[in-house]
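Read from first to last, the chains carry the letters A, B, C and D; within each, the first residue is number 1.
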Amino acid sequence: MDFTSDNIAGASPKIVAALNVAASGTAPAYGSDPWTTKAQAKIDEVFECRTASFFVPTGTAANALALATLTPPWGAVFCHEGAHVMEDECGAPEMFTAGAKLVGIKGAAGKITSESLRNMLANFPRGLVKQVQPAALSLSQVTECGTLYTCDEIAELSAIAHAAGLAVHMDGARFANALVALDATPAEASWKAGIDVLSLGATKNGAFACEAVVFFNPERAATFPFQRKRAGHTLSKGRFLGAQMVTYLEDDHWLDLARAANAHAAKLSNGLTAIRGLQLAWPPQANEIFVFLPLQVDAALKAAGVTYYTWSLSDEDRHGAQQPADTVFVRLVTSFATRGEDIAKFLEIARDAA
Amino acid sequence: MDFTSDNIAGASPKIVAALNVAASGTAPAYGSDPWTTKAQAKIDEVFECRTASFFVPTGTAANALALATLTPPWGAVFCHEGAHVMEDECGAPEMFTAGAKLVGIKGAAGKITSESLRNMLANFPRGLVKQVQPAALSLSQVTECGTLYTCDEIAELSAIAHAAGLAVHMDGARFANALVALDATPAEASWKAGIDVLSLGATKNGAFACEAVVFFNPERAATFPFQRKRAGHTLSKGRFLGAQMVTYLEDDHWLDLARAANAHAAKLSNGLTAIRGLQLAWPPQANEIFVFLPLQVDAALKAAGVTYYTWSLSDEDRHGAQQPADTVFVRLVTSFATRGEDIAKFLEIARDAA
Amino acid sequence: MDFTSDNIAGASPKIVAALNVAASGTAPAYGSDPWTTKAQAKIDEVFECRTASFFVPTGTAANALALATLTPPWGAVFCHEGAHVMEDECGAPEMFTAGAKLVGIKGAAGKITSESLRNMLANFPRGLVKQVQPAALSLSQVTECGTLYTCDEIAELSAIAHAAGLAVHMDGARFANALVALDATPAEASWKAGIDVLSLGATKNGAFACEAVVFFNPERAATFPFQRKRAGHTLSKGRFLGAQMVTYLEDDHWLDLARAANAHAAKLSNGLTAIRGLQLAWPPQANEIFVFLPLQVDAALKAAGVTYYTWSLSDEDRHGAQQPADTVFVRLVTSFATRGEDIAKFLEIARDAA
Amino acid sequence: MDFTSDNIAGASPKIVAALNVAASGTAPAYGSDPWTTKAQAKIDEVFECRTASFFVPTGTAANALALATLTPPWGAVFCHEGAHVMEDECGAPEMFTAGAKLVGIKGAAGKITSESLRNMLANFPRGLVKQVQPAALSLSQVTECGTLYTCDEIAELSAIAHAAGLAVHMDGARFANALVALDATPAEASWKAGIDVLSLGATKNGAFACEAVVFFNPERAATFPFQRKRAGHTLSKGRFLGAQMVTYLEDDHWLDLARAANAHAAKLSNGLTAIRGLQLAWPPQANEIFVFLPLQVDAALKAAGVTYYTWSLSDEDRHGAQQPADTVFVRLVTSFATRGEDIAKFLEIARDAA
């Protein structure tokens, strides 16, 4: 039983089936194949917008490449201090941007507030030569704390950023999970709320390895093909990415997968809340649960071979969520592939140990 | 009919079947999965050597990451002036090495000679501060001209490089094609001939997207995991790469695929040679044919919808191969998936037009 | 009257005289000249240590080059969140290190405490691939708040850093001011307290443009000549730097200059403290004064043409120093060239307005 | 007696005198001082053009920073294969441009011809994603072989470059030497001939350490202040650079210095030509002489303690200049500070030994 992340799942049967079909016959290389073209059209359709979109095999590549089109090397990219681009990509944004600075903003439960963004921007007056120049805002949706921005919150943050001359990027590694939780359309949750470039994840939600970088203003993408190529992220058999993405988006497959993942999380968190002595750090909004597990519960789960990550957050980032004594703070992630029987078993062990 | 490259083929049925199996169940992320472990063991077995090996989705990533472990930013990497790393990766080696300089060496039919390597090294005295410092030699096997180094030639070049303090990298995007053509073992064609790090390609020879970076001295690989991660080339569902590679290497599947590709090329080149007025630039040694097509043959093939690349080479790189009047210089590439009927048809059109 | 910084001063007459002498005759280029050699010997003598030292024209170059020898591109450099390398060099460390991450540590009055360093290091476990790897600690002496680390404090921080496998850099742009304030020897304030590499400033303290990068373990400097060269910081007429540095260090000239600057600051801060309603943020320890000026005092000084910077600090970094109502928080810097009459005039204006 | 380079000279007395004056009094830092302002105005006057100009301490910085404003990291910068930016800056252009590729063009005696430029550009079709994109042409004036482009030649090369969408940079480390040799105005030899950005050297011709980067279209310079700052090339006491440059340009001081240097070279080369058995590689045009010294002459000069560099050039770059048997190929450089008596002595030794 593995609740460490949604990337421990394999690929959805539909996506696998699509790859079986895409495996035969010749096709032009480097993204000139029909699968890629179809996937790009599908993105335009789903987002109700003419986009420039590109496919890459990892979320780190999607984020770092997206940011590299938005900032010069002497730019500042603002993000939550616990954002994936800040903490979990071993400096990929710095590498791809040739040294831009990621500036972390504090905020409870993984979210940046308008006030904190305004305060931070006040410290970066444009044109002050000694300082890196404000270039972009990167928002994670779902956040690293499994929480969500409402579309209005995104729109407000984007407006502040745009007014200050920044572009706005969204790390949507779990964008589908956010969509179904928000009950918003892709357009509402992205460009209609001011997002300029979206990293649209498929890998965590049923693909083998596929993410899209979606530019809602195609002109911004002028240099992307070169940047992707020199980063080694232009797959020669581009059909492999195209076929995954087109299947992912067709017939709402992505939303179905995300709904399943979120439902698993709801079931698990409801079960946990019902256990005396177990306390969630905050209500889960998508497919990630942050919970304070009593030590004996943690021990029992581990003894049963259940895996998950213990988490650490600064007091500030967790404010409102005091860690009870004799607990560990852990993250539990579900996916489309989580099995109902595993959730039941998890809850049973926890209940027995509590 | 597409003879532009071997990457216009899809994936081999065996590899697709392996992905079908690998798609289900949970597995630890980021390369800690059993497929990856098995593929690494398979590489050790096949190369008769304890290696440190890593899987990435593209050849550009493999090459650029390999070189980035071999040179400081102020280093020089010597390669043939027409090498893939030099001409076809949009500056990826420069990006990954943070600015090292690729220094091209001339040589007929894509090959560097011992003499030209020695002469070049004489221009780069170690410790001359104004100049980039000699760091690595990168050899392409099969070369960009479809020719081969013998194992002895590699050993001699490696010895010169090592004596000058350089590490030796091999771009083995078509390593399997070389092996079957040379009738050499993987070990003989790599570390036994002095190769320190090998980019071992699978993509062009039957995989969807998988290349290995193989360090024959595992200590050299100490920083590789960080370099791969920050380049966005550490796939979260590492099983996707592991499953491809293990299947590729098992039961000599890679050699079978390469044998098929090379046999197709032999058949095609034999057929071409038999046509009056058609002249090969040099004898093909693996799965690439360089040929001077009379204009009317070129026109007839194109009229029939056949695709391939016209090529350009400096006189120096082509010496011994004078281009006849009224011809175009073209490259034809075969793969495991080339169909016999397409070769027959190609030859028929050419014969009729000649 | 200009109290904005110590870099608004010109060059000391002794240093100018030395340049007059150094201007004539031929001398080998790129630092092979006798002035450079003599300056390097002088550094060894003054620091009682065999060092490898190099001269560059700016403090930003000294810091960025020093850090670039201490961290790989995927490394983390820890420093105070308000450090010059963090805030005032427009991303130079990121450029020179090819993308390493500077990680800011909070701390009152510009100083890092042992506890805060330990806590931060706990967040950066070595070998966790997703994260940049701990590589160096950079301490500023004098700090950006004009405060000082005692030699014992430096030793304690260095010991923690070394135990965690980090190298320790000191940004000594105002190292001479620190030395005379601490009454410590150069050796005590640097390598004896665990500093591995020192940026030794001369520019702010009487030179035109000269800083040294001093490696107390010469082996660490092996790649420095190449890194300096490719950064464009190897002056062809190296004598210009050598002559400044040798004169700066000879006959305790640097200490005399720093003593003058510090004495001016003491006089100014004593005068300010004696004015009712004026309050220092914290006691100045070298040549920088941080003071809360009543608005009417600020207005009067500005009306008289006096220049200085208003400053901003996070509450956390200023804790213990509450800003009184109706004041501005300003920084005043003195130098060797500050005129006593200007201090008297400043105090007179402030006294009259208060 | 040292003929290794013009950078073995010190500073001209006028420039030293200016520094003496500039050493006292306060002045705003980072280039906001009156000397810098005056020097910028002087450049506009001398070049008869409103420019954006910036001062840096080294030629490598000037070149690398200039190029970094003209090319993206995935760009190609074309230059002569023996250009200073290609061979003598330890990869600075690659560092400052974040990995752009310098592409060398062959050409006799250090010069690029229109034909060779056109041929090279034909290999770099814009938009071919696998390849770095053509971005800039860099011309050296005086060339590395001591030869000159005529203004017409520059205009023709610039026109070809502009037509292909490239910007044109001139490495004018010895621009003054070129001006007096060409008898051209600064404007004629730069922007009127199509140069977009000029590295204007003063160091080799009488300054201590000062070069200007001159943008003839000020809009191109928008990001330069940030790029210079993060490269550590923004001197805090900017007056040091400003004072040198203003003095250098005032009253034709730069031209006087260059005239002296060129006259010394003419005298030396005339003397050499008169010696039986001595043969120049090509006629010197500015202050550098390339000569084939008979071995016994070389030995006699060295025995007398005369220093200079032996040189190496590819056959192609030297074509038309066959090296006679029993000679060494050497470079002799004169400067404003070369002493007539040293030239006489040199010729005497050579004559006696020949």
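Just so we're on the same page, a residue touches a chain if its C-beta (ideal position, glycine included) is under 8 Å from a C-beta of that chain, and two chains touch if they have at least 3 such contacts.
All figures in this text were calculated on a predicted structure; none of them were measured in a lab.
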| item | value |
| --- | --- |
| A-C compared against B-C, more contacting pairs | A-C |
| Furthest chain, CA centroid comparison against chain D | A |
| Chain A and chain B: spacing of chain centres that average the CA atoms, whole Å | 35 |
| Intercentroid distance (Cα basis), chain C paired with chain A, Å | 41 |
| Rounded Å distance, chain B centre to chain C centre (Cα mean) | 51 |
| Residue list for chain C, restricted to those that touch at least two other chains | 73-74, 89-91, 94-95, 98-99, 129-130, 226, 229-230, 234 |
| Chain-level touch network, classified as line, ring, star, complete or other | complete |
| Residue ranges of chain B in contact with chain D within the complex | 73-74, 87-91, 94-95, 98-102, 123, 129-132, 312 |
| Sites on chain C touched by chain B in the complex | 30, 72-74, 98-99, 129-130, 133, 223, 225-227, 229-230, 234 |
| Complex interface listing, chain D residues touching chain C | 2, 4-5, 7-11, 13, 15-16, 19-20, 22-29, 56-62, 64-65, 89-92, 94-96, 203-204, 208-209, 226, 229-237, 239-240, 337 |
